[in-house]
Each structure stands twice: as C-alpha cells, then as structure tokens.
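The two complexes that follow have chain A in common; it is paired with chain B in the first and with chain C in the second.
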Partner chain A sequence: MSENKNDITRRHLLRDGLWGGCLAGLGGLAGFLVGKLKKTNTVWQIDPYTCIACGNCATYCVLEESAVKCVHAFAVCGYCKICFGFFGPEPVEINEGAENQLCPTGAITRTFVEEPYYEYTIDESLCNGCGKCVKGCNTFGNGALFLQVRHDRCLNCNECSIAAACPSGAFKRVPADEPYMLKEAGHS
Partner chain B sequence: MMRFDNIIIGMALSLILCGVTIGAERFPPPDFVETDHVIPSPTVPGPRQDIYEYIDAVVLLAALGLSSYLVLRRRSRRAIFVLMVFSLLYFGFWRKGCVCSVGAVQNIVLSIFDRDYTVPITVAVFFLLPLVFALFFGRVFCAAVCPLGAIQDLVLLRPISVPNWLESGLRLFAYVYLAAAVLFAATGSAFVICRYDPFVAFFRLSGNLNILIIGACLLVISVFIGRPYCRFICPYGVLLRQLSRLSKWRVTITPDECIQCRLCEDSCPFGAIKKPTTDWPTTEYSRSKKRLAILILLLPVLMFLCGWASSGLKTVTSRMHATVRLAERIYLEDTGKVEGTTDASLAFRATGKEQKELYADASNIRAEFKLGGWFFGGFVGLVIGLKLIAVSVWRKRTDYEAGRAGCLACGRCFQYCPKEHERLKKIKEARAKY
Partner chain C sequence: MNANRIFIGVLIGLAVVIAVVALVLLDTTGKKGSGLGKEYLYDVKDLAKIDPNLILYEESAQSLSTGFTDSHGIALDSQGSIYIAGDRAIRIFAQSGNLLDEIELTDAPRCLTVADDDKIYIGITNHVEVYGQQGKRLASWDSLGERAVLTSIAVSKSDVLVADAGNRIVLRYDITGRLINRIGAKDKERNIPGFVIPSPYFDLAVSRDGLLRVVNPGLRRIEAYTFDGDLEFWWGKFSSAVEGFCGCCNPVNFAILENESFVTCEKGLIRVKIYDPEGAFVCVVAGPEQLIEGGASRVSEFGAGSQTGGFDVAVDAQGRIFILDTINNVVRIFTKVKAGQ
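Let's look at the complex of A and B:
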C-alpha cells in the first residue's frame, strides 16, 4: 500500500504481471469448471446389485450409528413364512423369539398377513446396517432386503469412509434428485 | 417343529433345479386373496436440498467479504474473533466440516483428470472464492472463515515462537502433502486431505478414533504453537500463501508509518512479522554469490532426483488405488502365494470378470503413478530448491511488516502499534464531535 505510484520498478511490473496471470488462471479454471458443473448436487448411494453385504457399512461410517440402513423392497419380497433374512441359521423354533432371529439388534418385525405369508418390516431406528439379513435374503431368497444410504442421516462426506472401505466398489455418487437405488420387481 | 436343515437342503435343491441366479425372485410375490393387504413401499427420505448448498456458498462469500473489511478497514481483532467463532459454528459444527475449501482442491483436480467426474457448483465456489480473495486482500479466508483455523486459534493460549529455520523446514510438509493429495486425487485413488482431516471428527463429535487422537494432539500443540495445521500441514494454505504474496491489499501492522518502536515485534504467534534488516554485509557477498550459483545449478538436479525416486516408488504409491490392491491380491491368491480370500477378492470373483482385464487396469494405474511420480517428485524438489535459494538471498526491509505469505490476517498485531492507538483516538474524537 505504501508503494509510490511514480516509482514503478521492474519488480512492480513483474508482480503486477504475475498477479494478472494468476487472476486469469483462476478465471480460466472457473471457465473450465463451468463446463463441468452439475446443476444438482451428488450424494453417495449403494448399488444393491454390486453390494456383497460384507458388514463394513455398520462400522466404517463416521457417524456413531451408520447412515446405511437396510431397506425392504416389499414388491420384490416373497412374504416367505421362513425368511432367511429374519431367522438365524439354526433357529430353535420358527417364531419371533429373539434367539431365533438373525438380526443382532432385533430390528425386523415379522407380522402375519395370511396363510402362508408373513410381512417383514424394518425398524430403522434399530437397524445398524450390518447387512446380515441382506446376505441371508440374497443367498436364499428374493433379495428384497438390501442396504441403502439413508439421506436423512448421511453427512455426504467428500470422501465417504465406507466407500473407501467397500470391497466390491458398490458405493457411487448419484444425482441428489434421484438419491436412491431401490430394487424393483422384475429385475433379475 | 420342522428341521431347518431340511428346508435349506430343499431350497438349495430347488435352486439348482430351477437354475435361478442368486438374488433373483425365487419366490413369486404373493397375491393376497383372503385379506386386502396392501403391499407397502419403502420410505425414501431425501437429502439436504440444493438450496441449502447455495446458502453455504452465499455465507462463504459474505464471510469472506466481511473478513476483508474487518482486517483491512476496521482493523479490529475483536470483530475478527467474533467472525471466526461464527465460522467455526457455521462451517464447523453446523455444517459438520463438509463442504470445505481445503478438501475441494481434490474435487477440482479429479475433475481435471477424470472426464466423467463433475463438480457441484458449491464445491467450485468453495475452491475458487478464497483464492480470488487472497489475490486481492491476502489470507482473509484463514483469518476468520476457515473452521479448521478457527478451532486452533481458539485454543492458542500460551504462544511460543518457532525458530525461522524450523518453521520453514516444517512447512515443507504442507507442500509434500499438497503434491500427494493432487497425485492421489488425479489418479482417482483417494481423497487423502479428507481422510486425514484432523478436526472434522470434532465438528461431528464422532469419527475414526485414530484421526480423533491426531486431532486432539494437534489441538494440544495448538495451545503453545499457533495454528500448527495452517502453518505446517494445510495443503490449501500453500495455494493461499503463494497468491497472497501477490495480493493487491494486505495486512499492515501500522495504519500509516512505521516508527520502528519494536512494540509489535513479538505480537505475532505465527512468526509472520518480518523485522527490518541491516544492509547487505559486504564480507558475505562473494560467499553468498557462490552459494546461490551452486544452488541454482543444483535445482534441476534436485528436481530430477526427487522425481526419479518417487516415480520409482510407483509399486508402493499405487497401492493407494483399490484396483491395484485388488489385482495384487488376486494375483497372490491365483499363484497360491497366500491362503484364503478377502471380501474384495470374493466380490471380484463373483462378478465373473476376467483376471486379465483387472491386471490391465491395474498396470494402467501403475503407469499413471509412474508418470505422476515424476511430477510429484519434481515439484517437491523444486520447492526444496527454492527454499534453499530463498534463504541465501538477502532481502532488504526497512520497517516491521507482516510477511506477505505467512500472515494469517488474525489482527493480533494491530493493538500493539502506537500509531494504531493514535488512529483510534482520532476516530473517537471525530465521533465525539458529532
């Protein structure tokens, strides 16, 4: 600021030139980015057809309680009486007793609809996103249970900690106006 | 009670007989006949609306503008402090540290190298605005807008000074960190700045334990050494430093003329105040001349050596990329060098992709790391060389002034200047007249 205007040296010229160059560079970068800009923001989501339900989602999320939860696509569900997402591998009895359940937090409720169909609903506040039920349902059932990033919880970190630890590369950035990758009936 | 094993066997059999693929609809969804049960659909709670992202960008612009005004015109440490606390609360604890300018560097780099990668407008704004402001007003972003700086500044209670040589040496880490972040972002391997962000876990009050411990250590250090992350680690700070060297306006300790009272000498906890120098010692001259010549000749050699070394480390550095790790694992498994499988190798085998394809991908990535290593090392060598050259050049300075690059514009020094008190007094008198 104390520079005297009458006293222009080579150093000032150099500095002003560099300054202009930097400003032009930033402008150029801005122009380049304008070409690449996306109108909508992007958010993290799990591709349910790539996910292997390894269980990392439950532990790697930066949140104490993972932002990933199990989602049930009811339209895909077979409403099985013996659900492999609900019952553990060796249940004592086929009933809702805690010792028979696969879910470590008891987040799935089983309700009778009509013979022989049962409906399974997930209590999201209990689900920890471990994916045990997903694995069971995918291996023996229709695969109606799958993991999804729940956007009311997700912080949308620049680098998702779970994505970095995902062994199957199932984590993707998707446009924020279509933030879920739900399974639909008829997809094989 | 049914035996469960039988069911499993039965099901497995039926699977094999029907030849259905895993995860397909093995059991047709029912038609409810007895009851009129309606099949529910899953809930889909939406993400944060885009409008809030734009609000973040507007808040950033406003905070930067206000910060520039407070630093350059108002010259009030208290006001800067208040804005800093606001930024910490808003960008830190409210927005949970994401989106941030420091991490945005990686998005921009990846968007340059990956044609398919697009950048949300907020991220572009967060990257560019502080740089533009630095070009005009100096590091006003560091002063009162960056939540990472703010959290360290708040705990700075017992500042001790760091000797110049140590400060300059430690700062080298920031350059290396920037270069590494660019290398890993450009190859699409990882966003290391985000992964090792030490304070974001505090903003969220949860996160990776190791990072939380590193953050806590840094905060303890910050009590004594002013803003260690900003000075020695921050990769975005490197960009701001260089642009702030050229800034049109910047912090001046004194509002008009330095009277060399030396009162401000120790006021800066960041060692950014440059003291006046004596004249060039003539006895030193010929020796310095020789040293400078050697260093300038050494510069390309240094760049080449560093580039060669880091390019040669491509097998190690490329392991940051998941594909390379996977390919190595699959290779070891296939050649029988390791026992067992990992989640990743199982997932790969389940996709039914050819090993050849994976190996080709991995070797492409490794080649990128080889080339990237040359740039990385060349840059690091250049920085080391220029640092050495900078210490052997004599700079003439007559007044106490805030270093163009190092000054974080925190405004602590203003109060130390007697000329500043004179100015404030005049303002007070002028106000009293009205």
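Let's look at the complex of A and C:
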C-alpha cells in the first residue's frame, strides 16, 4: 500500500497545529495590544446632542467635585438680554439678583455688551455640573450651554461611574487628541 | 477572653451587615436619580398649565399628515388648499387631507406664500424662487449671500416682502425680484431698534391696514412698519404668564385673521394665542397640553435647543386656524367653539 502525498500524517498534523497555534497567539497578542493602546488613547466625554442634563453628573463622579462642568458655545449663543439659562422660568425682575438666577450655585456671570446683548460666562470653580442651566437654555434658547467632562480634573477611570449612571447613553469614549465634543453654530 | 471574642464577632457581624446594606442601597445605574435637592429641579409644568376658560378653540378635524420629516412653513391659497414647505419640496393638500400636488425643489424650503394670482413664492435658504400652479419654476431671484436665512415671505399687490433672519433685515422687492429697499436696520435717528434674532425665527405679514407687521423676537414684540421703512408702533411684552411672550425670543410665527387680530405661536412653552389688533391678549387657541404629547414643555429633550421645532400657523377666511406642528410634521385645524369675554 503506497503512501498518498495528501494523506495527513501525525507529523503534519502536529506541525500545522503548531503553526496555527502560533498564528492565533500572535493575532490575539496584536489584538490585545491594539485594544489596550486604543483604550489608553481615549477619554470620556459627553455627547451634548444626547445628554438630557439629568443631574447625575453632579453626584455620581468619584471626585468630590465633579469633573463635569457646564461650557458655553459662544458661536451658538444669542447673547439674549433675557437668557433662560441664566434666569429662572419666572424671574421677579430682569437683573442679576440672586432671586432671579437659575443656577443654584451662582456659577453664571452676566455681563452687559451693548443694548440689548449680554454675555454669559461660567465660573467653573462654582459649577457642579448639575445641568439646570442646560435645561433652561435647551428649552427656550439655542442650547449654547451644555455639559462636558473637563480633562484637567477627570481621572479617566476605566469604568466611569457617571457613564454607568447616565440614562441617555451620552457618555462616550473619544480620542484623547480630540477630547471635547463641542457644539457648533448651524448644527440642528 | 471569651468576652473579647464575642465583641470582635459582633463587630465583624455588624460590618458584614453594613456592607450588605450598603451594597443593596448603592445605585451604580443612576435609576434612583441624582439625589440633588429641589433647588436643582427645572420645572415649568405649572407655567404649561392654562386656565381652560381662556381656551376658546378646539381641534375640529383630523390632523393632516404632511409626510415630511422636516417641515417648516404653511400657507393657504384663496380656495383653502394647504401648502406645506418641508424636506426638499412643497406639498399641496386639499382640506380633506388628500395630496393634490407636489413641487420638487433643489434645496430645502424654509418659508412660502401663495399670492392672489396663485403664484407660489418660496424662500429657499438664501434666495426666493417663484412657481406657477403647475409646478413650473417661473423665476429664481439672486442669492442674498452666505449669511442669509430666509424665514418668511409675504406678497402685497406689487410688493414682495422677505424676512432674512441671518442678516436681520426685511427686504422689499417688486414682483419681478428687483430690490426696492431694506426695512428695519438699526437707526437711532428713525427710532428703529433693529431686529434682535437669537434663533432662526423671524416672521412677517402684511395687514389689511396696509402696514407691514414684523416680529422682533428678541424684544418679544410685533412691530408695524410702512413699506418705506418707518416704524409706526409696536406691541408685545415679556412674560411667562399667558398674556405675554415667554423665553428669549418669541413669538416665532404669526398670522393675521380677517378681523385683523393676530394668531401667535411661541416656542419653549408651545402656545398658540390670539391678540386683538392693538395687541391686547384675547384668548388661547391651544397650549402645551393640547399641542405636546403628555402636556409638558420640551424641557431639555433636544440638544439643538429651540433652534428647531417652532410651529407655524395660517388662517382661512372662516377664521379657522391651521397649526403646522413641526415636531410631528402634521397640520392641526382649530375652530372657535366658545365666545370670548
């Protein structure tokens, strides 16, 4: 009985199996390294078009003072005299009195530009990322105020506790070299 | 020795119980909410409620589905046909809801009007196009530039008035498209404050008194101009209460009834209301409870803010009010059912 060239011998099986195992291992190692590299080069960020400003950012961050802050896209802002991100829904008067302001921590500053325009800026040392102003601005205004993870504070935890508690899935991993998801004028 | 062991055992037991309780109470999913106090609540539900005695209109027909995914403007012709601008087309409906015709466009229309001679004037981003009833394009006027956002258009005899929200100006053309003059630019000597337009809503109409009415949304008022650009008077005030215009910039759109009363649409707190020719509040056509599912306002649900979703309105000779719901892309028809006070 002559041996057929195509017959699989034990030696062939062992050799091919070893090769296959090596290749699979190499592939797995490469995938693992790429995955790890990708993971270390990404950071957490909030998609402002998905965020519903639920308030969880203020309390679920592992930091004592949340890494999430309100930011202001000036290009989107209407510079309104009666800004509903600054004023409550029923302001007693249109002035900077605390009783008229929406922000519970007084983190928004209102500055006169020219009649009838005002500029609004966020004092990050006072902002706790609750998103109340975001709701006011989205409801009545252009949505120029929105929440972002500030990377000078964020620890970039693997399992971000705010992301786990985010009801709208707005927390995303984004490339570390483009760490912010900013609103732009004309987007709708 | 035994006492110490018992003490340590009790301590360990307590620690285990505390750990178990903490684990059970720990909310890592956010389902229990933020835990922030009531000062952090943003609640406009009370403002959304309207005294039923103020609502003198009721929905009188089945809503008409436009079939658009992004509708912007509504107009009626003298026969009562309903014209809707949306996506990249104009759709013409009978009041029964049947689609009569469709005019396909090369770009998205933002506003339209139907003249007495049945020509259709359409604002398409930065220029005006004129169509005949058979859908044939009769003219395409010059672009007003990159910044232009045409949001309203009206025809009065030999004049065509166009609102450009991007450049914050009203343009007066003749019917051939020749620019005659600009109306509403800031001018201290003529006591014209200039238009304040934070979001792309800027509506106009010509009243029976021959004056042009233009919304100045950032000042929450409707201003009356001559066609030569003189500001005659204005009315409107800021208030979150039902009598005023709420938010940063309202009303977003309006229409003028046969008796020269005004029908206004607001965004934020979505309300459609009637004001008399002098601007005194008369009644409510529909409020958030009638217009928005669940009766709430649109608190924070849209990251684009209120740059979109402003309703448009048109009226017919019988005083019926046609509201274009730009969220659901349907037309809802309201008829007066109660007499006012």
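Here is the rule we use: the second predicted complex is superposed on the first by the 149 of 188 C-alpha atoms of A that agree within 3 Å, B and C clash if a C-alpha of one lies under 4 Å from a C-alpha of the other, contacts with A are read in each partner's own complex, and residues count from 1 in each chain.
What we mean here is this: contacts are C-beta pairs under 8 Å (C-beta built on N, C-alpha and C of every residue); 3 or more make two chains touch, one makes a residue touch a chain.
Please read these numbers as outputs of a predicted model, since none were measured by experiment.
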Which of chain B and chain C A:S161 touches, first, second, both or neither: both
Comparing the two partners chain B and chain C, which touches a greater set of residues in chain A: B
First, second, both or neither for A:H72, with chain B first and chain C second: first
Which of chain B and chain C A:N41 touches, first, second, both or neither: first
Chain B versus chain C as contact partner of A:C130, first or second or both or neither: second
Touching partner for A:R15 - first (chain B), second (chain C), both, neither: first
Which of chain B and chain C A:H151 touches, first, second, both or neither: first
First (chain B), second (chain C), both or neither touched by A:P104: second
Chain B versus chain C as contact partner of A:L33, first or second or both or neither: first
Touched partner set for A:K81, first chain B, second chain C, both or neither: second
Chain A positions touched by chain B in one structure and by chain C in the second: 49-50, 52, 54, 56, 76-80, 82, 89-90, 94, 117, 138-143, 161, 164, 167, 188
Chain B to chain A touching residues, read off their complex: 1-2, 4, 7-8, 11, 21-30, 32-35, 37, 39-42, 44-48, 50, 53, 96, 98-100, 103-104, 106-108, 111-112, 117-122, 124, 128, 131-132, 135, 190-191, 194-195, 200-201, 204, 206-208, 243, 246, 248-250, 252, 322, 342-344, 346-348, 350
Partner chain C, residues of chain A touching it in the complex: 47-56, 58-60, 76-84, 89-90, 94, 102, 104, 116-117, 130-132, 134-144, 146, 161, 164-167, 183, 187-188
Contacting residues of chain C [partner chain A, same complex]: 27-31, 33-37, 39-44, 47, 193, 196-199, 218-219, 238, 240, 246-249, 267-268, 297-308
Parts of chain A lying in touch with chain B, wherever the complex brings them together: 1-2, 15, 18-19, 22-23, 26, 29-30, 32-33, 36-43, 49-50, 52, 54, 56, 62-64, 71-80, 82, 87, 89-91, 93-94, 113-115, 117, 119, 121, 138-143, 150-152, 154-159, 161, 164, 167-169, 176, 179-180, 182, 185, 188
